[in-house]
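Each of the next two complexes has chain A plus one other chain: chain B in the first, chain C in the second.
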Partner chain A sequence: MDILISGLLLGGTYALVAMGLNLQYGVARIMNLANGETLVLGALAAFLAFTAISLSPLVTLVIVAPLAFAANWLVYQFLLRPLVKRAKTSGQLEVDSILATFGMSFALVGIMVSIHGEYYTYSFLARPFEILGTTVAQNRLVAFFAAVIIGGGLVAWLNYTRTGTAVRAVSVDTEAARLVGINVPRVSALAFALGGAVTAVGGTLISTFITLDGSIGVIFTMKALIIVIMGGVGDLRGSIIAAVVLGLVETAVASLIDPGLTLVAAYVIFLGILLFRPQGLFGKRNA
Partner chain B sequence: MTGQGFKSLTLIGVLVIAAAFVPFVTNGYWLSIAVTAMMYIALATAWTLFSGPTHYISLATGAFFGIGGYLVATGMSDFDISFWVMAAIAPIVAVVLAALIGAATLRLSGIYFVIFTLGLAEMIRGLVSWVQNNFLGSRGLYVLTDFTEEHIYWMLLGIAATVYVIGWLIDRSKLGFAMKIIGNDEGVAKHLGINTARAKVILFMITGFFSALVGVIVAPRYSYIEPNLVFSPEISFMVVIMALLGGTQRLWGPIIGVIPFILIWETITVSFPNATTLYLGLSFLAIVYFLPNGVVGLIESLTKRGRAS
Partner chain C sequence: MLTVSSLKAAYGMHRALGGIDITVGAGEIVVILGANGAGKSTLLRAIAGMCEGQTSGEVNLDGKSIFGMPAEDIVEAGIAFVPEGRGIFGDLSVTENLQLGAYCRHARTNSVANLEQVYDLFPKLKERGRQIARTMSGGEQQMVAIGRAMMADPKILMLDEPSLGLSPLLSKELFHNLSRISATGMGVLLVEQNAKLSLGISDRGYLIENGAITGENRADALLNDPAVQAAYLGGAVAPSGS
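This part shows the complex of A and B:
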């Protein structure tokens, strides 16, 4: 029961981060390997704000979101758009964007480590809370509900607004979206920026209950990637379920065997997906 | 074509002989840089063998390298097996691992392969630390041999030269021809009846073999080994940068990339130890935006333009 509850809570936050990556990869077609660093930046902001002026991470969140949106929009327009234009094939774009985002990821790690080289430790709502006979920290619960609200809002926006529909259309087929008059570059930039904002907010939330540091981003990139692939690229519902699965498995492995093996567990899942359902849990099998 | 192929082989032969004399003219600091450079030349050439023709960014180097170094250490410290026996076992383990990774990921699109190799070194490190802490007991592993820096340098040079010759032979074989078609258009390759997955897996296994062998040879340099040291993801990225900086269309491209990169790297490590990660990042960006085909590509496009005008 302990495992179930904490796994579910962890999975909820993972889901938010994976949604961010899914928007960037599924819609803007950019495999953003600096995703984990975006997350850590969100965490760093929360840490700095909390230690400097004891600002609640829930307030920081509101500041982080527009900043991350703007920064990611600029990154897309000035660094990634040229690559999209230059690429002759989708394979070429894939290689270029992987390398470029690797560069950004390392550059960001370098900058973050020079800003604050130690762990981002701070204590926010670290009080026990009783739920269904299990004790969890309040911060986990708060992070989970915040993730659910933001994630829910995102899904609603994608499904019930005009722009959201355009974003989904680009995700399904770039060419067809262009044919029905959608401004694909604009929607891609929007999706990329939105994805970055969602990821950074996820980082702010995660930092309330997991201690991060400047160089841990790649682990989160890895997890988000595994979730996105498990859930199916472009499939937000799949992402959510996959995130919960990963959260549960990780918590189970950490508490039953050894906390050092969580990444190994994630890999086992990943391997299983690659071998048996490379199209994702709910994806349809095609080329 | 054939004539030019032999010319480049002869050129490399001359370079190898010249490089073999380096330990006679230098020692101490510069020799240790030469060993590091030679290690990366061997790793980057092995990397290019697979990633050059396929365009798959492999980040598995760190994992293979770590397997080499770690197995030698644990074999010698925990089981009292000799260095040479472990040197024979470790690369074979790496080949088996490469075959498994290849079989799982190389049937699918390249992106899965990149992602899978991205966390691989980290994952194996976690697994190995866990096994070591729970079942083997001993924390520190020692690799004590009689090798000097010169010996390590020559062995690495030998590996680099071997990788180059193998690459040269592959280039002239059916496999090499198949790889060229796969690199240009995998769909076409499939229609021609090439078993694309098999060809890629074989090349990846060769890369894994030599990367692990480099790890084996370098292990005595550290003498004290722990999983965190040898399973470093940084090695994978450095190899990718150096290979891309030189250019991956030619097997000798990485050599051009390694030397300047290592020199700058050493300077930065000495004067600004905290800026190395930033340097890695900026190098990646510089390559993507200014040198998409590496130095070799730049030289070739310049000479082409020179000839045209």
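This part shows the complex of A and C:
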């Protein structure tokens, strides 16, 4: 029961981060390897605001979201858009964007380490809370509910608004999107920026219960990648389920075997999916 | 009224179109006949702003130049395009496909009336609203594609080989529906292999060969033209015209 609840709470936050990467990869078709660094930037903002003026991370995230949106929009327009224009095939864009964002991730790590080279330790709502006979930290619960609200809002926006539907349309088929008059470059930039904002907010939330540091981003990039590929690219429902699965498995392995093996466990699931269901849990594209 | 003059297109060194002149009036159905590789698809893609090659020339819609605009602005100007292979959103539902059809700004005001019109023409789309487009039959997907194009409230509807992959019966139904659509005042420009059925509903036709227009006439005249019969109608049209 402990494992179930802790795993679910962790999975909820992972799901939000994976949604961010899914928007960037599934819609804008940019495999963003600096995704984890975006997340850590959100965490760093929360840490700095909390230690400097004891600002609640829940307030910080309201500031982080528009800043991350604007920054990611600029990155897309000035760094990635030229790559998109130049690429003749989707494969070429994938290689170019991986290289460009991989480089960007190093730059961001350097910047973050120079701002604060230590662990981002701070204590927010680190009080026990009893739920269904299990004791969890309040901050985990708050982070989970914040993630559910933001993620739920995002899903509703994608499904029930005109712009949200256009975002999904670009994810399904860029050529068909042009046929109905959707400005694909603009929607791609929007999706990339939104994905970055969601990821950074996820980082802010994660920092309330996991102690991060400037160079830990790559681990979160890997986790988000595992979730997105496990759930199926462009499939939000799949990512949510995959995120919960990852949260549960990590928690189970950490408490039953050894906390050091969580990444190994994540990687084993990932390999299993790649070998037996490369299209993801619900993937249907076989072409 | 769509006016295309001296439209050229090339893919690298390969010349695909060498100066095409055609017109399509409001409420008119115009068919372009030609063999595979004659440049039919390139012509439609160039008008729609979706040709990957280098293009030059003039394309005017109701006197306004639309040549060189990005595809989304051409949709906004009033040209809807159903490409070969239909170009629908396979992973979205029928209703979502139709809603997205009315994405461009000018189509939003009339979207309710246009949806009524689409459902009137294709009642099946209303029944199957929640079905994922990819899981439908070829004929039904073609309905989704045409219905979605109509939702864009276009002045000109362009279709690339709409009867491809459809049974003779479904093709007949499709062409009948196209003539109903043009009766609403929309101009229809289509490219077809099925010369007999398409000429049967068209007002005018053009013949295209090696990227150049080699003939133009009223559709009934083309149907009875021995050269056209030999080239596009298998040389054996029943003289009774049945």
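Here is the rule we use: the second predicted complex is superposed on the first by the 286 of 287 C-alpha atoms of A that agree within 3 Å, B and C clash if a C-alpha of one lies under 4 Å from a C-alpha of the other, contacts with A are read in each partner's own complex, and residues count from 1 in each chain.
In this section, a contact is a pair of C-beta atoms (placed from the backbone, for glycine too) under 8 Å apart; a residue touches a chain by one contact, two chains touch by 3 or more.
Please read these numbers as outputs of a predicted model, since none were measured by experiment.
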* On chain A, do chain B and chain C fit together or clash when superposed? -> fit
* Asked: A:D258 contacts which: chain B (first), chain C (second), both, neither?
  -> first
* Asked: Does the superposition put A:I229 against chain B (first), chain C (second), both, or neither?
  -> first
* **Which superposed partner A:L158 touches (first chain B, second chain C, both, neither)** => neither
* To do: Tell me which partner A:L212 touches in the superposition: chain B (first), chain C (second), both or neither.
  => neither
* **When both partners are placed on the shared chain, which of chain B and chain C touches more of chain A** => B
* Tell me which partner A:E175 touches in the superposition: chain B (first), chain C (second), both or neither. => second
* To do: In the overlay, answer first, second, both or neither for which of chain B and chain C A:E94 touches.
  => first
* **Partner chain in contact with A:A166 - chain B first, chain C second, else both or neither** => second
* Please indicate which partner A:L248 is in contact with in the superposed arrangement: first for chain B, second for chain C, both, or neither. => neither
* **Where chain B and chain C come nearest after superposition, their Cα distance in Å** => 19
* Asked: For chain A, what residues appear in both contact lists, the one with chain B and the one with chain C?
  -> none
* Interfacial residue positions of chain B with respect to chain A in the complex -> 55, 57, 104-105, 108, 110-112, 114-116, 118-119, 122-123, 126-127, 129-130, 134, 233, 237, 240, 244, 274-289, 292
* Within the complex, which stretch of chain C touches chain A? -> 48, 50, 70-73, 75-76, 80-83, 87-92, 96, 99-101, 103-104, 107, 148-149, 152
* Residues of chain A defined as touching chain B within the complex -> 31, 33, 79, 82-83, 91, 94-96, 98-100, 102-111, 113-114, 117, 215, 218-219, 221-222, 225-226, 229, 258, 260-264, 266-267, 270-271, 274-275, 278
* Which part of chain A faces chain C closely enough to touch in the complex? -> 162, 165-166, 168-169, 172-173, 175-184, 284
